[in-house]
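There are two complexes below, and they share subunit A, which is joined by subunit B in the first and by subunit C in the second.
Our next item is the complex of A and B:
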C-alpha cells in the first residue's frame, strides 16, 4: 500500500502514468459499469446540488420574482455577508458552539470511558444508561429539554429554586446570555456517549503487557495512564474530536427546535441561519453563498480528518 | 542479586488451580527455567513472583524479604516480556530511562546508567530511535536493557524469545546466556520451548496442570525424568513410550506385548518392575539409545517402519512397536523404507520404566 501511494505522489511518474491510467480504466470497464448506477445517483443528489448552490450564490433572488428570473450580481452576496454584523455574530456563535460542545463532550466521554473500563458491579447497566442520550431521537430530546428549561414550568429551574440556589425561575433559553450555553449543555448531553464508545473501544486495544511493564517499572496509576494509555489513544482521540467537530458544525436539530436561533440571533449557528434565510425568508442567493462558505470550511476540516485517518494507517504499516 | 524462595504457592481462579503448591528455591545467581506446555501455570507462577497477580496462599521470599503483599515496583524485580512491551511513543533512550525516572533518580545518574546499559547490550547507536524502527532482536535487547538499568535483585523473563524468528532466537539465546554469565544475575525464565530451557538454564522446573513436576538440572531431568509427562516433554524428538505388560519366562522377568513378543529385562530392570503397582508397565527409550537391525537377532523386538525423515547428519525413523510410535535416530548411511520390517534393540542400562497406573518412574531401590 505505502509503496504504491509513494510512487503516485511523485509528480513526474504521475504524469507519465496518465495514459496508462485511462487504459487501466478501459480494461476494467466492467467494474465501472457495476458502480455506474451508484455514480449516477451520486451525481444527481450530490454533485448537481453542489453545482447549483455555487451557481445560485452569484444571483439575487427577490421574493417577488420567480427563481428562473434571478438577477446575476457577481460576488455581491459574498461581500454583503462578510460585511454584515449578523454574519459575525452567527460565526462567533458557531465557533463557541462547536468548540465548547466538542471539547467538553470529549472530556466527559473520556472520563466515562475510563470509569467504565474498570470492572465493577452494574457496569453493563450503567453503560447502557449512558448510551441512551445518543440513541434516542434528537427531535424528541430537544422538545423534552425545551420543557426542562421552560421559564415558567421547567423542572430544572424549579429544582434550583427548591434547593435555594435561586430566588425565582431563571430564563434559560429566553435570555440572550444564557441561551447558547443552555443549548450547548443539551448538545453535550447528547454527544458525550459517542466519545465514550469510541474511547472505550480504544481502551480495549491498549496492550496489557505495556501496562504491566509500566507497573513493574514503578509507574503509578496516573503515570501509567499518562505514559501508556493516553499516547495509545491519540489516534482514536483525533478521529473522535474531528467527527464531533464536523457534527457540531453541522448541528441543526437541537438549536432549531429549541429556539429557532432566537432570541435576537443569540442562538443562531450557521446551519440554522442558512435554513432560515433560505426557507424562512426565501433569500436563496444569500443562503447559497453562506452554504458555499460553509462547504469550504467543511472541506478543510474533512481534509484534516482524512489525513488523521491515513496518518494512523501509515504508522501501522511502518511498524 | 538475591535468592528467590517459593513456598507452597497457590493461585486459584474460582475452583481452578492455576498453580498448586509450587515450592522451589532459586539460588543467588542461578538461571532457572520454568517450562511446560501452554496453560501449565508457568506464566502464572512468574506473574505471582512479579506481583502482577495476587497470590491465593503461600509465600514468596526475595532476598530476605517476604514480598507477598508488596507492589511489583517494591519487589526489586525487573521483567522482560514476550512482545518486548516497549513504550512505542518513546525513544530507546526514554524507554531505558523510564524505570529510573519513576524512581526519581537525578538526571545525570539516569543518563550514566542508560549509557552503561546501552554499552553492555551494544545498542548505543539506537538510543534516539523509536521501537518501531528496530528489528525484533534489537527490540528484545532494548527490553533487556530496560531491565538491566534497574539493577534488580531478580530478572523475570516471560518467553522473551518466542516472537523472534528461528535464526534470531538461537542467537539471542546465547546472548541471554552470556548476559547471565557476565552479570551473575538471578534469572527466572519462562518458556514453552524445552530446548531453550535445556540449553540456557542451570536448573529447570517442569510444570504441568499447575503442579511442579520436577525441579533439577537439565542433565538430571533429561537422564532421570520422574514421570511420563516429564519424559515425553523434555528431549526432541520426544522419548518413545510403549505400554507393555510384565510377564515371566523361565523364571526371568520379561515385558510382553499384545502381539506376542517378549523383551527380557536385566536384573536391575527386573527389580524396578517388581515395584510397579500393577502388571502394566510403560517402556521408555530415547531415540539415540535404540539400535535398529534389518534382520532378527537375539534380544530384539519386531517393528514396522512408518516414516523416514532424513535431516542430513541424522535420519529420524518412526516405527510402530506394539501399537505405539517409536522414534529412532540412524546415521544417514543406513537406509530403511516405509513399511519395512525392522528389529529394535533396547539398551538395558538406558531404558526408562514407568508404572502404567501412576505414570511415575520406577526405581530399582
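Our next item is the complex of A and C:
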C-alpha cells in the first residue's frame, strides 16, 4: 500500500517537472546558443563517424569493390569476428597488454611519486630524468627499443651475455612467447612517468597536519601511509588507472613500429589488428565491427571514469 | 660425360624460354629494343646510341608554356636507398619545374610501405592526388575499383612497344591500360666472397640452387658463427615477398599459376608439394640450422644492409643499388668499422638468383607505374589533364625513366637503355650486368585486386607461422592457401 501511495504521489511530481525543464531550457536559451557551435562540431567529428562506423559494420567490403559498392550482410561481420580464432588471440593479447601495462606502470609510478615526494638533494634532476620516457616521441622510442631488443645485435642481450647471465643473445621480439612481455616493458617504461606525475600532484593534497597528528598519536610510517596518505590518493589513483587503461586499449605506435603485430600475430592487439584489417586488407566492414566492440568497451571504461571524477568532486564539495 | 643431366637441362631451357616468351609476348617485333637478344652484351651495344630531347617530346603532349596545377604522390626514396638516388629525385623535380614553369606542382613522397595505406585512405575521402606513382602490385587494385583513368603510353607520346610486356601486364585490367610503367627491376643474389673463403667455400662460386643456399648458410653459420643467408620475413613489408617469391617459384610453387607463361590465377597453389618444399627451405634455415638472422621476423632489407656491411651476413637478395648503399654506409662509419666495411665492399659479389631443383630460375618482376586518377576521387574534384600528362610523359621519358632508376632499377621506357646515361650507368654502377641479366627471368605479381593483401600480409603470415612454430610447415602453407581462397572469393578475416 505504501508503495502504491508512493508511486501515485510521485507521478504528478514527475509530470509537473517536464514543463519546468522546458521552461528552464527556454529561459537559458542564450546559454544553449553559446554552446551550439561546439555541439555541431562534436556531432560532425564524433557522432557522425560513430554512426558511420556502426552502419559500416553491417556491410561486406571486398578488395575489388569500392566502399560505396559495399554489400549488406547484417550481423555476419560480428559473428565472423566472434568465431575467429585470431579474434580471441588478439583479445587475450589486448587484455594482457592493458592490464599488465596499466597496473605495473601505476605501481612503479606510485613508488616513484612517493620517493620523489620527500625532499632530498638532486630531487629536481631525478624528477626531470624520470619524465624523459613520457615526453620522448613514441615513434623514436619504438625504433630505439627495437635496436635495444634486436635479436642478433641488441644492446640489452649483449650486456646480459657479457655479464654472464646468458650464453647467447636472447630472443626478445622474434619469439611468440617473449614478444608481448617485451613490448609491455617498453610501454611501462613510457607510461610510468605519467602515473608518477599524477600521483605526485595527488600527494600535494594530503594535509600535512593530519600526517603530523598521526605521528604524534604514535602511528608508524606504514600506518600513516595506509590510513592517511592512501585514502587521500584514492580519487587520483582511480582516474590515473582509468586514463592509463584507456590509453593502453588504444595503443598503436609501439607494437606497430616494433613488430607490426608479429611474429605470427603474437603482438597484435585490437588497435593494430583493426588498422591492418582496414588499411592493409581493406576489410572495412570487419574493421568497423571490431571498432564498435572496442567502442562499447571504451564507453564502459568512460562511464567509470566519469563516475570516478564525479565521486571526487562530490567528496570535495560534500566535505 | 655431361656435368648436368640432359633432362634437367631441357626442363631448365624450356622454363627459361617460356618465361622469356611470357615477358616478351607478341609485341617483340614492334619494339625499339629487341628483347629477344637481351643479354649484358646487347645492353652494352645499344647504350649511348640515341639521344632524346625530353622537353621537345613532352612539349608535344603538353605545351611547355601550359599554365596549370598538379598534385602528385609517389613512392620516394627511403632509408635503404643510396644518396645518388636522392640527388636524382631532387634533380627530376627541378627539371620538371624548369621545363613547365607555369605548372604549380605539389608533390608528396611516401615510403613503399606507407603509400598504399595512405592512398587507400585518401581515396575513401575523395582526397587523392591527380597523379600517383605506385608500386607495381598496386595499380590493378585501384583500376578494378574505378579510381584510375584509362591511360596508355600512347596518351603521353610513347608507344606501348617501348615498355616491357610484363610491365604492361601490370597496368592492364579487363583488357584496358590504366597506367604507364616508370621503372622495372629484378634483383640479384649478393654474397661476401671473403666470408665464403673463410668458411671453406669457393669464394667466386655462389650457390647454384636454393638447396645449396640452405647448405651454404649452414656451413657459414657452423664455421664462423654468423648468419649465412639474410632471410627477410617481416609482415606488412614489401621486402618479404620480393625475397620469398623467387624461392617459391624456383621450387615450382606459386600463389597461383603466375609463373606460368599464360597465367589464369584460377587455382591456388600455395599448399602444393612444391610450395611446401620452398617454405621448408626457409624453415630449415631459420629453425633447424639457425643459420639466418634471428631478427628475420622483424627485419626489412634496410636492417640487413648494415648486418651485411658489418660482415655478419654472408648472402642476400637485393638490387644493384645495394652496392651504392654500402658505399654510403661505409662513408659514415668510423674506426675499425670503416675497415670492416671496406673489406666487405671489396668482397661484395653479385650473381644470378639460384634455381630450384629442376633448374627453374625466377625473380619478381618489380617496379612502379604512374597513373592518373578519375576527377571524382581527387581533392577538389578536378584533374588538370594536361598537367597530369606532362608529369607522366616526363617521368616515363627515356631520359628520366633511366635517371630515376639509375642505381636501383631499370628504365620502364626501353628507349632509356639507348641513352648516353645508360652508357654512363654501365660504367658507374657495379654489377648492373647481373641484374639486367635477371630481367628475362622476371615474373610479374598476379594482376588481381587482392594481390597487395596476398603479398604483404598472407605470404609473410605464412612464413611467420612456420618459422615461429605456431604451425607446422604444412599447416602454415594450408592456412595461407585457404586465406588466399577466402580473399579471392571476397571473404575471410
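We adopt the following convention: the second predicted complex is superposed on the first by the 279 of 319 C-alpha atoms of A that agree within 3 Å, B and C clash if a C-alpha of one lies under 4 Å from a C-alpha of the other, contacts with A are read in each partner's own complex, and residues count from 1 in each chain.
Just so it is clear, a contact is a pair of C-beta atoms (placed from the backbone, for glycine too) under 8 Å apart; a residue touches a chain by one contact, two chains touch by 3 or more.
Just so we're clear, the structure is a prediction, and the values are computed from it rather than from any experiment.
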> Does the subunit A-based superposition show subunit B and subunit C clashing or fitting?
Replying inline: fit
> Touching A:209, do we find subunit B (first), subunit C (second), both, or neither?
Replying inline: first
> In the superposed arrangement, which partner chain does A:64 touch: subunit B (first), subunit C (second), both, or neither?
Replying inline: second
> Should A:163 be classified as contacting the first partner (subunit B), the second (subunit C), both, or neither?
Replying inline: neither
> Between subunit B (first) and subunit C (second), which, if any, makes contact with A:231: first, second, both or neither?
Replying inline: first
>> Applying the document's definition of touching, compare subunit B and subunit C: which contacts more of subunit A?
In response: C
> With the two structures laid over each other on chain A, which partner does A:219 touch: subunit B (first), subunit C (second), both, or neither?
Replying inline: first
> With the two structures laid over each other on chain A, which partner does A:283 touch: subunit B (first), subunit C (second), both, or neither?
Replying inline: second
> For the superposed model, what is the least distance in angstrom between any CA atom of subunit B and any CA atom of subunit C?
Replying inline: 52
> In their complex, what parts of subunit A are in touch with subunit B?
Replying inline: 207, 209-210, 212-219, 223, 227-228, 231-232, 315, 318-319
> Can you list the residues on subunit C that touch subunit A in the complex?
Replying inline: 117, 120-121, 124, 141, 144-147, 227, 233-237, 293-298, 307, 312, 449-450, 452-453, 456-457, 460-461, 464-465, 467-471, 487, 490-491, 493
> So in the complex, which bits of subunit B are touching subunit A?
Replying inline: 50, 52, 71-73, 77-79, 81-83, 85, 87-90, 98-99, 102-103, 132, 146, 150
> Contact residues on subunit A for subunit C in the complex?
Replying inline: 60, 62-67, 80-81, 84, 86-87, 146, 150-153, 169, 171, 173-176, 258-266, 276-277, 279-283, 286
